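First chain written, first letter: the chains are A, B, C and D, and each begins at residue 1.
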Amino acid sequence: APPTVAPPAEKPAAKAGFKIAMVVKNLGNPFFEAAQKGCNEAAAEYGDECIFQGPATPTAEGQIEIIDALIAQKVDVIAITANDPDALVPVCKKAMDAGIKVVTWDSAVAPAGRQIFVNQADMEQIGRIEVQMLAEMIGYKGQIAILSAAATMANQNTWIEWMKEELKDPKYKDMELVTTVYGDDLREKSYNEALGLFKSYPDLKGIISPTTVGIAATARALTDEGLCGKIALTGLGLPSEMAEYIKSGCCKAMALWNPIDLGYMTTVVSHLMASGEITGKPGETFKAGKLGERTIVDDGAGGGMVLLGPPFQFNAENIDQWKDVY
Amino acid sequence: MTVKARAVPSPSILSGLLLRWEWLLVVLLGIACMVNASLSPYFLDVHNLFDMTFHFMERSLIALPMAFIIISGNIDLSVASNLGMSTIIMAASYKAGLNIWLAMLLGLAAGAVGGLINGLLVARVRLPSLVVTLGTYALYRGVAFVILGDLVVTGFPSSFTAIGQGYVGHTPIPVPLVIFAFFAVLFGLLLHRTAFGRLVYAVGNNETACRFSGVAVDRIRIILFTLSGLMSALAGVVLSARFGSARPNIALGFELDVITAVVLGGVDINGGQGTMPGVVLALFLIGVVRYGMSLKNVPGQIQNTLIGMLLIVAILLPQFLRRLASRSRA
Amino acid sequence: MVTVSEEKKGRSLLLLFAGVREMGISVFIVFLIAAVSLRSPYFLTVDNLVYILIDIAILTIVAIGETLVILTRSIDLSVASTLALSGMIVGMTISKHQGIPPAVAVLMGLAIGAVLGSVNGLLVAKGRIPPIIATLGTLSIYRGLVFAISGGAWVDAHEMPRPFVYLSKNTTLGIPNLVLFAIIVAIIFYYFLNHTRTGREIYAVGSNPSAARVVGIRVDRILFLVYLLSGTLAGMAGVLWISRYASAQSDTASGFELQAIAATVVGGVNIFGGSGTLPGVVLGSLLMGIIVNALNLIRISPFWKLAVQGFIILLAVVSDALLSRRLQQAGASEGAS
Amino acid sequence: MSDMSENLLELKGISKSFPGVQALDNVDFDLRPGEVHALVGENGAGKSTLVKVITGVHQPDAGEIRFQGQPVTFPNPLVAQQHGVAAIYQEPTLFPDLSVGENIFIGHQPVRPMTRRMDWKRLYERAGELLNALGVKLDPRTRVRGLSVAQQQMVEIAKALSLNARILIMDEPTSALTLRDVEDLFRITRRLREAGTAIVFISHRLEEAFELADRITVLRDGHYVGTRPVPSTTTDEVIQMMVGRTLDTLFPKEEVEIGEVMLRVEGLTKEGLFHDVSFELRRGEILGLAGLVGARRTDVARAIFGISPADSGSIWVDSRQVRISNPQEALALGIVYVPEDRQQQGLVLPMDITQNITLPILREFARRGGWLDNSAERETAQEFAERLDVRAAGLWQKVQQLSGGNQQKVVLAKWLAARPHILILDEPTRGIDVGTKAAVHELMSKLAGQGMSILMISSELPEILGMSDRIVVMYEGRVTAHFTRQEATQEKIMAAATGQPFSNS
């Protein structure tokens, strides 16, 4: 920041009326639209204002531009899910220098650019669960592939690392991860990548797609090609998008946390950071509204992290309860 | 000079000046600033105004040679991809242990080579530039992915990141703005004051006649595309310095923004016409409008819609006024 | 003496090829098919070929509309946004009114596309805005409208009526519906371009616009018409798209305009207007489809796909340019001797 | 009243101005059925503009058009066509990507009655018939792109004839035609006249106007000067009306000292275009390169100038063998080429006179760092514009606003400013009025006198005979004869140009 900017004056700790800006990867993405509901809910509860913003396409450039405008507006908190964890660091630092609290959620900004991370679920847990679910479906045997979002997305890449870690366990010795492909979170590209997988690996037994767009597109492709039942599918998906395929048995089970709760939690944490009730240090505890007591844990890089909870597993039994929620 | 008796005098300098496109842009820029100032209390703040420029300096650096290329009757769709390729070459070689400044030179050279390939295909194989750069648009971005895959390069030294994030001394003036100002003046002089600039206009207006007049048309085209590649790479340097990191998908979709600005700046998309001041004004106009909308938290898609409308209205408006004027005269 | 006549015959054969504008790309496609078949025997199976045809159906439809526009020396950058907007409006409508038959949905898409296309047409023909600029503007505007009308929301598979989703899945007389749509569109426009006065006037306008005006062709009408048709086809493609992918979103088909243009120019349509054929465009789409399919089949690293795709497109246009120039030269010397 | 009904078309007080130019000022014109009415005047007199007013391309600012006594307006060319007006415009209005047949019938292609489907078969049949009638050997299915200028002109003529028009306007139809083609055209024109068609004929070759026309109307500087019936007027009178003074129409070249060989071409060959072309050009000499249109003279010139270099053979400049692979190299050797197609190849129409004149020598005005010295540039442009008597409102005027003749002068000025030693002129006076033509000839003579070597490609025999010191004749890409000025006769050149065996008698 320009050196002439005065150091942030310690505000008298107000209790409400904060401007909380939630910056998402891109607008029009079902997952984030659901998170917005949670943001609005929490903001109403705590008497804050929820500013929901995001670029038209999932780029770091667009997010930086938005964050800069938010800094100029002197919002109180910026809560980001990053298109690029590293590229956002400079502008996040600038925000912090301007006295704005920087929270990150979903896809985290690198540690240098954040004060607290609201983690939807333990990265390791998500990665391992997905492999476990798929292994169950295919009887621990056969070729599997991963269909991810963009190759630059941090959360997906971390999950994939953990999947590979889990696959090292001897009980998966008959499973072979043949490839990882990228659908860039575009519906048609993911669909075509899925078809490509079917064509190039005729013996494929299962696919993991740790992205809501990817798993829905893959399910569609399986349905169209009549491969449901022949190739198992799991991953992270929105119940509303996946209801059809879970009921048809194309995707027997998948996992996800509740994006509404994630938005809610992020907003609560943002509020508490702004009011000074928490500072983001590991060890602090707080009450997260309807979600109950939480403790801030160490994120492994010396910073604080809040866990939403274990991912929820969806299957034919419970999908109807959720398909109209998010 | 033999001047025929019935000839009318040279059009008055005044009317020539008043009818210029640049004035329309100045007026629009003024209106945009006024609207922004009245809508948002945060707009008229020196720091904010200067910081606003961070967001479009990379596009602006590419817009300068793009104006040349469009005036010369061509187009370059590969600029953003070339930016990606050259930046990744720079970043990857830095990661491999090369000194950052040498890596930067390597990146600039890579961008120039990318541009040169475009130029050679256009000038020597005589393929339309739209077709060539549509191909290299995919190719260059692809090369960036081939080199870096899903990896990222971070940890650039602060002397390097200052190029994209820093300020000049203790002023609120961003370094990228200074870099752009330097090149804007340079390109402006090149276009309007040198023989090369004149030839660019001539080639844009009638390439055949230029060939028949002994103008080295091919060389001009090759130089222009190389220049475009070089400036794309430079924009990549600034952008990756601003991010402090580099990934293969950097600057995705810049090309349409750049072309929009150049065209709004009054450059004739069919070649032969346009000025540098116009392009610079348009860049700032779009920057200010976007910033104003961001301050009011207008969603990205709606911002794009309004820029699209601005483009169309700005082109329609003078025509409409002219028709109105000729009707009232009649 | 014999050798002379032999040589002459050879040349005439070359000339015959030169006359067929699609020769270059056909040769290229054959080479590509041969090369890929060597790597993956699965490539040349009926299954896979049908799959490729399904895959390129929508691209072909949009590319045909784009061709009409490019033939008049114009360009339509807004096709992908038109497709998305039409898809979104139709998607939202059918999710609310599940009873709407698929045929009506398609007609709706056509109508929406026609409206959006005619806006382009008005801007270019009446507003005299250069085509790139006008459609660059509407590219952003239509895309923004998709977001605005949907409020960022999306239409899911389970919200769509079954018959609609199956519209793109079913086959008629053994031909997949999507392919059938593309074939019908291709035949109609082949006839239109080659056997109607208006079709020929489209070529004339692109070949020499000022002469077209002088000989009394209503250039403005033709320009309006090609944009109208391009929009209409994109609108129809929008409906097929959301049926195929069973989802409508605000970023549907983003960047698809460049693919459509690529298919058109790879298919030999002169970007400066006046020349280009429909069979060529179909081959252009086919080449694009084969590239994608082949890259999957030969299991290339995902990080290499884009680069290889770009390289092949370049290779195709460069070799086509060099080949047709060679043949033209042969034609010139033939004509002289 | 009586003359009103007699006139098929009547224009009264027509005015039309373009930005900066009053192209037509209160012009009257009338046209009767069954007459050929010639329209003459210097370059820029407003002939083509008048034509375009009649055909609805331009709308007049003032004045009245009466068709068969009724006032009409032609808001666009289609309405004029519906009134039976067809025109061959000065600038080509062909579609290079379409076939010859389609070009002929564009806008009124034959269609099958029920289906409205294009009737390709009938189209090509009828196109073939029309071309046959014109004596043109051309397959109606070939594309127009790549046709020679003459062939294109014939297609234009066939196109106009296909309309079965009541009024046929021909704006310089003969400028690109050979004598034989001209005769064919005249034959057809007379036949149409007998059938009652009213014909407007524009040409800078006055002898053609006198041969063909019943009446001649003269325009000067956008003004109507007068109309004369042909038998009762003379060339001198018409020229006097055109330029306001009497004039020598042909300017024979002065005798000058012929010096050493400046340019020698030996065995120049380009596959498919020309074969084994050899000649030499000396200092102070004008070498006429004669032949029918299509004899590949332009291609030879393009090879020498480096635009499309020859495949084999050698070029010697100043007795040094040289390789010229692009125009820059030719320019460096002091060779310049004035192309036949000035609008496309000679000029950058949207740029001004100064910028066009200095285009090839721009580097001379570049100061340190490429900085352009505008005042030096303007001075040079001024100097050469004056030497060639370019008529314009000012040096700032865009070249596209100039008339054809003045455009040609700008091209010449451009090349003279490059101070060449060898000047190649391709049809230097095509489409140029008598006054300007004389000026160009005078200039050529003067330049030769100053020691310049000139290679003049021309399809006009009087020009070849009047201006050349020596004459080379080409036929179908080969040199068929060499003549000295003294040997040459119209007959001998024609024989060589049509490939007839040369007889010594």
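By definition in this document, a contact is a pair of C-beta atoms (placed from the backbone, for glycine too) under 8 Å apart; a residue touches a chain by one contact, two chains touch by 3 or more.
Every value quoted in this text rests on a predicted model; they were computed, and no experiment measured them.
Peer 1: Which pair wins on C-beta contacts, B-C or C-D?
Peer 2: If we tally the contacting C-beta pairs, B-C comes out ahead.
Peer 1: Cα centroid separation between subunit B and subunit C, in whole Å?
Peer 2: 30
Peer 1: Could you grab the centroid distance between subunit A and subunit D? Build each centroid from C-alpha atoms only and quote it in angstrom.
Peer 2: 73
Peer 1: Taking the mean of the CA coordinates per chain, how far is subunit C from subunit D in Å?
Peer 2: The separation of the two C-alpha centroids amounts to 42 Å.
Peer 1: How far is the middle of subunit A from the middle of subunit B, if each middle is the mean of its Cα atoms, in Å?
Peer 2: Here the centre of subunit B sits 35 Å away from the centre of subunit A.
Peer 1: Multi-chain contacts in subunit C: which residues touch at least two other chains?
Peer 2: In subunit C, 143, 147, 152, 250, 303 touch at least two other chains.
Peer 1: Residues touching two or more other chains, restricted to subunit A: which are they?
Peer 2: 26-28, 56-57, 151, 182
Peer 1: Give the pairs of chains that touch; include all such pairs.
Peer 2: Applying the touch rule to all chain pairs gives A-B, A-C, B-C, B-D, C-D.
Peer 1: Going by the contact rule at the top, pick out the subunit C residues touching subunit D in the complex.
Peer 2: Listed in rising order, the residues of subunit C that touch subunit D are 194-197, 200-201, 203-204, 206-208, 210-218, 270, 274-275, 329, 332-337.
Peer 1: Using the touch rule from the top, collect the residues of subunit A that touch subunit B in their complex.
Peer 2: Residues 2-5, 26-28, 51, 53-57, 59-62, 64-66, 68-69, 72-74, 84, 86-90, 110, 150-152, 157, 182.
Peer 1: In their complex, what parts of subunit C are in touch with subunit A?
Peer 2: 40, 42, 48, 51, 55, 143, 147, 150, 152-154, 156-158, 169, 241, 244-247, 249-254, 292-293, 295-299, 302-303
Peer 1: If you look only at subunit D, which of its residues touch subunit B in the complex?
Peer 2: Going through subunit D, the ones touching subunit B are 20-22, 221-222, 305, 307, 326-328, 330-331, 337, 339, 344-351, 355, 359-360, 362-363, 365-366, 369-372, 382, 385-386, 389-396, 414, 418.
Peer 1: In the complex of these two chains, what residues of subunit A are touching subunit C?
Peer 2: So the residues of subunit A in touch with subunit C come to 26-28, 30, 33, 56-57, 151, 179-182, 186-188, 191-193, 195-197, 199-202, 216-217, 220, 224, 240-241, 243-245, 323.
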